[in-house]
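What follows is a single structure, written as structure tokens, with notes after it.
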Amino acid sequence: MAVPKKTSAIKSTSQHLLGIQNLSIIESKKILEEAKAFISLNRSASKKLDILRGKTQINLFFEPSTRTQSSFDLAGKRLGADVMTMNVSNSALKKGETLMDTAMTLNAMHPDIIVIRHQDSGAPNLLSQKVNCAVINAGDGQREHPTQALLDALTIINRKGKIEGLKIAICGDILHSRVARSNIYLMNMLGAEVNVIGPKTLMPSSVERLGVKSFTDMKKGLDKCDIVMMLRLQNERMQGTFLPSKREYYEFFGLTPEKLRFASKDALIMHPGPMNRGVEIDTKLADDINVSLVKEQVELGVAVRMACLKIYCK
Amino acid sequence: MAVPKKTSAIKSTSQHLLGIQNLSIIESKKILEEAKAFISLNRSASKKLDILRGKTQINLFFEPSTRTQSSFDLAGKRLGADVMTMNVSNSALKKGETLMDTAMTLNAMHPDIIVIRHQDSGAPNLLSQKVNCAVINAGDGQREHPTQALLDALTIINRKGKIEGLKIAICGDILHSRVARSNIYLMNMLGAEVNVIGPKTLMPSSVERLGVKSFTDMKKGLDKCDIVMMLRLQNERMQGTFLPSKREYYEFFGLTPEKLRFASKDALIMHPGPMNRGVEIDTKLADDINVSLVKEQVELGVAVRMACLKIYCK
Amino acid sequence: MAVPKKTSAIKSTSQHLLGIQNLSIIESKKILEEAKAFISLNRSASKKLDILRGKTQINLFFEPSTRTQSSFDLAGKRLGADVMTMNVSNSALKKGETLMDTAMTLNAMHPDIIVIRHQDSGAPNLLSQKVNCAVINAGDGQREHPTQALLDALTIINRKGKIEGLKIAICGDILHSRVARSNIYLMNMLGAEVNVIGPKTLMPSSVERLGVKSFTDMKKGLDKCDIVMMLRLQNERMQGTFLPSKREYYEFFGLTPEKLRFASKDALIMHPGPMNRGVEIDTKLADDINVSLVKEQVELGVAVRMACLKIYCK
């Protein structure tokens, strides 16, 4: 974790939100602070501001997404922006070239902000070098999903009052997860202690370098944890080389009431969604409003995206 | 027809519009009354109000639809709402679970109203139990399509001045039609006499219990009718067990100028669209502006949806 | 070129923008003049007007399109219109009937303007006869793409100060190109001299009747040209009867720095996009901001569409 060089920054070093790795503590806290104000707006009867009136927001989604796309769409509209969403089918397109030609075309139309999701790691960075507007990464390959980590942080702060000093477990397919990566960076930066738990085949080889402790045993990994973040298991991992079977995965790594008892007494559960009920999480546990923060994550997600749009939109 | 218990209600007993069956006479008349004001707005040069400014409307369509979706989309935008439309492909999804997880996710984003179309009867009811916002049913399986019946009622009132005392024929695939069901409930409630006409294989077994007379002969069924509502014949019924052939269907149940003569002299024709020209209706008759109300139904549909959005949006 | 009869018109003879062929010089110049004002608006920090507030714009796209659809979408939103975009899959539909039934349905919803792209030549004309609102052709079959020609004209004027007296080459698949047709009409009308260049198999038989000179040799065709417009080569032409191979096409008709030297010393390059790099144009040349106007074409495209929406929207 290369935290020191970032904490020294006082102002945003970047005009883009490409990843938590590029974010200073001050920037992170500013986003979280701004987002808090939007939580209550979203709960009120009238959810409309004129902050981004006259601004153009383009949602450029190369991968399908229900919740992230909806969340950014509503966030922009509630701030008064003109929002245009483009779902770019990738099947017929040559990657790379397409992204750049699409970027050049959209940039010429003078958007103020582009929200991009792409299956290739680093695509938002490439895009940001070619356009004049701000770029927000809404998930790139297996690299980062910064607004997911920020909404997770806001959700934890909303419930636990802080992140500093907490012990947070991230469980599942750490290897392929951009959610895990962004959360490791952010939770570490904000002063939490992070455990990652998963089968060896789904664990990056030198994950400890990211400043976490790594476990293959839920009992040990969950010990004294205040927050248990479950990751979505991609269907394509569930057979073949990575995992023997869904059933066996659930047996060892699926979060059940029994396994949750290994964690702290008042531990709370999170999941970025959509959930594979009965695979990575017990379905009753997922819906238990006493311990599951899943709904709150979605709710505060809109507030976090509103904050990001407000801050990065020039 | 369980009308009595509903007529006693003075205020809306429900915060959702799930079906005509759940609606009182007073509620129906209130929607129709509100809708009248929007007819002239939609015909004017400037079609924009701020009534729903600050409100979020989500159109959640699990079945594709051109006219109903467009109608709700324009209705919401003209009232100033922030409108987000989601076309949810069902192919890859497990039904039920998906609806509920999608509902939970969307609900957490604080919409004020969700307009839902779903292939399963009862899906909007299920949804309404899980969300905090108002739900409007835009068609569910073979159950109800309440805004279609309401726009049909408004169209009739607009032309005939009333519904009470009229004789209305509904012709075609009564068995599978949510449009037929909603219209039977509403026209009955508003004091019309309703005949249903169709082949035996497409007629519910004890349809008379709904308060209608049932016919398999167009000549008898259309006798003295003021309104002839034709239903769309789904392509999947046109072969196999339900119907011998399109040609034979047209011969016996397709509305032609000859068959229309069995009805009242000044009878008017309706169709919810899209029409199968040459199957359930003669193409010239469909376009004859002296007898066909098809265009007017679409036009007043926007007004009815505006009224529903205004009334149900909290 | 039947220019004379058009130049006599002082006011718009049409309420629709169906093609450059139906446009007078005065109308063309009015659109270009209006568009100029929008160039600077689009470059400013706040890009929002209320000119079309209360108006409904429907984008009806029967063919997929990224840039034209985005351009019209943003143009309408920036002018304050309620914009609804419909992507109509054609696979399942019977052509013709569908267009007309869709048109009738949409027209009944009282749009103020319909922007249509359709694979059949003449579809926008047919549509315009059936609706009460203004129709803008966003590309129909192999006939016209008037807003593309208008944005090309605006781009040339923006750089060269005028069109009159310029020599313009249009190169590639003239036979199938609606962009070529609209540009031939418009550039001729505005006083340019037009050369068309392409292989014989992709050249209309009596193209000279349109008022152009025709060449099969780039060297001769580009001689003294101030503007070189390259056309997109459709993938479906690249094999079989029209062309032997991509490679051979590039050899003879692909624009390279070498071939560009045949043109005027300060010649500028245009392309309607999306480009087939290495087929009709050298990739470095396409990106060379000293000679390539590709980005500017996209940029000014939004301004031209805003002007058209403003002028034609009743």
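Letters are used for the chains, namely A, B and C, taken in the order the chains are written, and counting of residues starts over at 1 for each.
To be clear about the criterion, a contact is a pair of C-beta atoms (placed from the backbone, for glycine too) under 8 Å apart; a residue touches a chain by one contact, two chains touch by 3 or more.
All values derive from a computational prediction rather than experimental measurement.
If you sketch which chains touch which, every chain touches every other chain without exception.
The rotation relating chain B to chain C, fitted on Cα atoms, amounts to 120°, rounded to the nearest 5. Centroids of chain A and chain C (each the mean of its C-alpha atoms) stand 41 Å apart.
Residue numbers of chain A whose C-beta contacts span two or more other chains: none are found. Chain A makes touch with chain C in their complex at residues 53-56, 58, 82, 84, 86, 88, 97, 101-102, 104-110, 314.
Contacts from chain C toward chain A in the complex involve residues 42-43, 45-48, 66-67, 70-71, 73-74, 77-78, 273-275, 277, 294-296, 298-299, 301-302.
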